[in-house]
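Labels for the chains are A, B, C and D, by order of writing; each one numbers its residues from 1.
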Amino acid sequence: MNDRAAAATGGVPADSVPWPGGARSAAAFTFDVDAESAVLWGSPGTADRMSVVSHQAYGPLVGVPRLLDLLERHGIRSTFFVPGYTAHRYPDTVRRIADAGHEIAHHGYLHEQPTALTEAEEVEAIERGLAALQEVAGVRPVGYRAPMWDLSWRTPALLAERGFLYDSSLMDADTPYELAVGDTSLVEIPIQWALDDWEQYCFLPDITGSGLIETPAKAVELWRAEFSALRDAGGCWVLTNHPFLSGRPSRAAALSDLMAEVVACDDVWVAPLGEIAAHVRGLGLTPRSIEKPAL
Amino acid sequence: MNDRAAAATGGVPADSVPWPGGARSAAAFTFDVDAESAVLWGSPGTADRMSVVSHQAYGPLVGVPRLLDLLERHGIRSTFFVPGYTAHRYPDTVRRIADAGHEIAHHGYLHEQPTALTEAEEVEAIERGLAALQEVAGVRPVGYRAPMWDLSWRTPALLAERGFLYDSSLMDADTPYELAVGDTSLVEIPIQWALDDWEQYCFLPDITGSGLIETPAKAVELWRAEFSALRDAGGCWVLTNHPFLSGRPSRAAALSDLMAEVVACDDVWVAPLGEIAAHVRGLGLTPRSIEKPAL
Amino acid sequence: MNDRAAAATGGVPADSVPWPGGARSAAAFTFDVDAESAVLWGSPGTADRMSVVSHQAYGPLVGVPRLLDLLERHGIRSTFFVPGYTAHRYPDTVRRIADAGHEIAHHGYLHEQPTALTEAEEVEAIERGLAALQEVAGVRPVGYRAPMWDLSWRTPALLAERGFLYDSSLMDADTPYELAVGDTSLVEIPIQWALDDWEQYCFLPDITGSGLIETPAKAVELWRAEFSALRDAGGCWVLTNHPFLSGRPSRAAALSDLMAEVVACDDVWVAPLGEIAAHVRGLGLTPRSIEKPAL
Amino acid sequence: MNDRAAAATGGVPADSVPWPGGARSAAAFTFDVDAESAVLWGSPGTADRMSVVSHQAYGPLVGVPRLLDLLERHGIRSTFFVPGYTAHRYPDTVRRIADAGHEIAHHGYLHEQPTALTEAEEVEAIERGLAALQEVAGVRPVGYRAPMWDLSWRTPALLAERGFLYDSSLMDADTPYELAVGDTSLVEIPIQWALDDWEQYCFLPDITGSGLIETPAKAVELWRAEFSALRDAGGCWVLTNHPFLSGRPSRAAALSDLMAEVVACDDVWVAPLGEIAAHVRGLGLTPRSIEKPAL
């Protein structure tokens, strides 16, 4: 454990952590392959809306293949968070992701929002998601991201008990850290709302979205600005795209431009989250705790 | 059936289909002539709001004539989806569209959202729409677009039974395909929310809209980016404008610029949806099924 | 009545009307001086929110004086729609508007939404508004704009009975027209949501607004585009600003730039709505009727 | 009391006030360190959402240190409005702010919206806030800003009774003024929604935000335009940033650029609000009253 990493102790996130090969910062392109699950959970009647279903299906049917091509073209290995329901409905798509060398990580079974579940329901969602990924792709994921980016205070322990290495659902740091979970810990790789495509692109009447749809140029400008500033800060830039949104041609084209810019930065380590987490684990950081607010 | 088209089998949309004359991609400018129907269905009290009614009336009264002029200037034949109620309230406008050589297609009677209807109600909406278009314009439409872009799982069969050639309400592909409907099929010409003017321009307090109104330059930037990328991908770009929105002078002017750009692309086939559907039907694609999500 | 004007008969708005001095089009800068009334009507508890009240008070206290300076600098005479409540609460401001040579027009008493009122309530709102403007500024207005731009089907007759010359609340044309009201008529000077500053600038938590606030540059770009296109079309561009919004320094500065551009157009007639209405009345247009939608 | 200041009498805000050293205008960078309090008050169940809590925690953990660095680099002393709950949860952060020479001001205890409280509750919120700031940072604040920028009509008297010098929650002027409070007064330093980062950046599903997230370039363009225009007007530009939002790297970078531009203006007095209030108090302005609207 070096000095910089030591700054992660005491409940305060480190400004940065050392990156492999002397890199200045890290970057990851990640994808949440929600497909239908994101609109079905908590709202089963949405299954009756064929157009809505088709809107979500665009992700695994068209978006994922296009995005896999992009990633290959730019030589990027990525992390795909796949709900178990998506794996069951689109097994070929999920296998194709895995076969291309990308990481498959956990994203619930039916995209269940953890904070809306009982503990038994949350356990069931995790177990069903694990079983589906195992069954479909032969994968035992080491990483988890909470559906709706809404981790419960129970989730970290449930993940640690099941041998997960990392979570990627919290928003309180620019760099990964060890999150204390009882006597053990999870690597936490933070995300943030500005590095997500949902707010920029998603619109489904009565279901989600501001009602406005941004241009790809605007979305990429937002993400690029944060990439540049996090690079300066030595942080870990984690972009999240949804194939049903960013798999559309013009958005994929803009994302491709951004990928080219990012991989052209010699001082940035581009990696899937699993590798980032393994690297952070190797630093031997002192875990820090997050205290639930008392009222 | 050629090899590319064969890729449409197996439940996965094709990357592309062959286009007439060796064109690289296809493009259609379409118009949903909702007028008052879009604010009256499900909310009859809106009829009491004279300003709201006048906002919608702008479409057939001013927007359609202006847009017909644009289309003529650019030599574009288009598809107008006309609710039966619009045909009854504005028969001259609807006849003028037909007389200008554009396709009139079905868009419900009072813009009824299919997923909110019983089967009997959905049948009634389709039948009343057919009767109105026949009565007013002497047209038997071959194409259908679900009001609110919200197709029910029942709709395709109801359309096939009535001899429709195509639907344009789903969002799971970049190119048209044959949608399996029992033993037969419909041509499906996909749309998407980013290629619609409602999200960019529409605001009616307490009724619809994000509350924000974008510039025509921004809207056209969004549509142009997707046109360019779908052209590269060999897809079918289907833009939807509402005359009560895009018939406003500055929006029509921006749309005119975009029309000029699109028709200047020699490798793009610009056509009404009915002709695109007929072309696709001629390819003899194997229909693909969409399975309703089970929970 | 000339040929072009004759086009206004038959229920269809004219493409244009002849403008004085051979002008190509007309333009008006109008202001809705809602102040507190817009947040109090229908929600009297808002009076308890001192910050909200102060947000609205900015209009008559700071915005109006600044905007009057702008108008004077650019030599523009304008129309201010003043709710009676504003006149009672800020009599000096309202007299200052009138003294500067601008038109004072009717905008309800407490900004009452006409479609939410009984006929008796609507009559009362009109009468109280008239009394307040008379009492405070010695003005008998000839023009009316519905609060919330939400005219009822009753309003035109109530206005005609009271000798109003014009209304400015409908949205179904690019140019003014004679609106049939029984055996008589009102001049209607249409407005539209894209030519309003509320959608661009207004945010009051729990009360109104998309939650987003645009830059003055974006708002002016939107309004300029429509000015330019309506000028080409020979229409009548009617911009609406609220002093509590567009009276802020950077918005007023951007509006000033736009004013300079508009008055620099020699072929555009810039006038208050009362003069535009009088001109239109002089054309002897055949009134057109708007039929309430039947269901 | 000089002539310009005299213009503040009579219930109308002055166009400007004289600034120290002959400065043309004043400017303040202020920060509301809401952290968790802003999402917990009135909605205690939000404490169960670990991701949401972490989103808010980013402010004191990462945002404040970064922003303190920025302020130091640009030689700016600022005002931080700190809820008592934030002081108790992040005492080191709050002490660090004070130690860096910035002003700590009052922002409620748990970010309680004053207009939603009884008088007893409002008193309790003020007293608990005072006690927390005293206990944690040894500070007796002279300034107050209402949580949710929603001052009640009671608040000014409660502040005056406790010896506060100023409030910064009203929106009816471009320059500070003396707000009459019975026989005494408070200096009021106005704010406005367009000079806040919440509307530009904040998104928490089901909790707050338009759903859209703007680029730092757009936000800074908005703030810069108002800075420039208020500078011309001789006003007092008060920008409000939230560390959990504007402490993100790319937003902080854009804010840093804006800070550089502002401090480079030799004719602008950049100061914390406490110093601005003290200066205004020294002008001996005649207090003006704001009357609660009667209905």
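Simple rule for what comes next: contacts are C-beta pairs under 8 Å (C-beta built on N, C-alpha and C of every residue); 3 or more make two chains touch, one makes a residue touch a chain.
Everything numeric here is computed off the predicted structure, so don't read it as measured data.
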item	value
Labels of chains that are neighbours to chain B and to chain D	A, C
Interface residue identity across copies chain A, chain D - same or different by half	different
Rotation angle (°) superposing Cα atoms of chain C on chain D, nearest 5	90
Distance-maximising chain from chain C - centres being C-alpha averages	A
Whole-Å gap between the CA centroids of chain B and chain C	35
Centroid distance [mean C-alpha coordinates] between chain C and chain A, Å	50
Sites on chain B at which at least two other chains make contact	210-212, 214
List of chain D residues in touch with chain C within their complex	12-13, 115, 146, 148-153, 155, 169-174, 190, 192-194, 199-200, 209-212, 214, 218, 221-222, 225-226, 228-230, 232-233, 235, 290, 292-295
Of all residues in chain A, those that touch chain B in their complex	36, 40, 44, 47-55, 57-58, 61-62, 89, 92, 110, 201, 203-205, 210-217, 248-250, 252-254
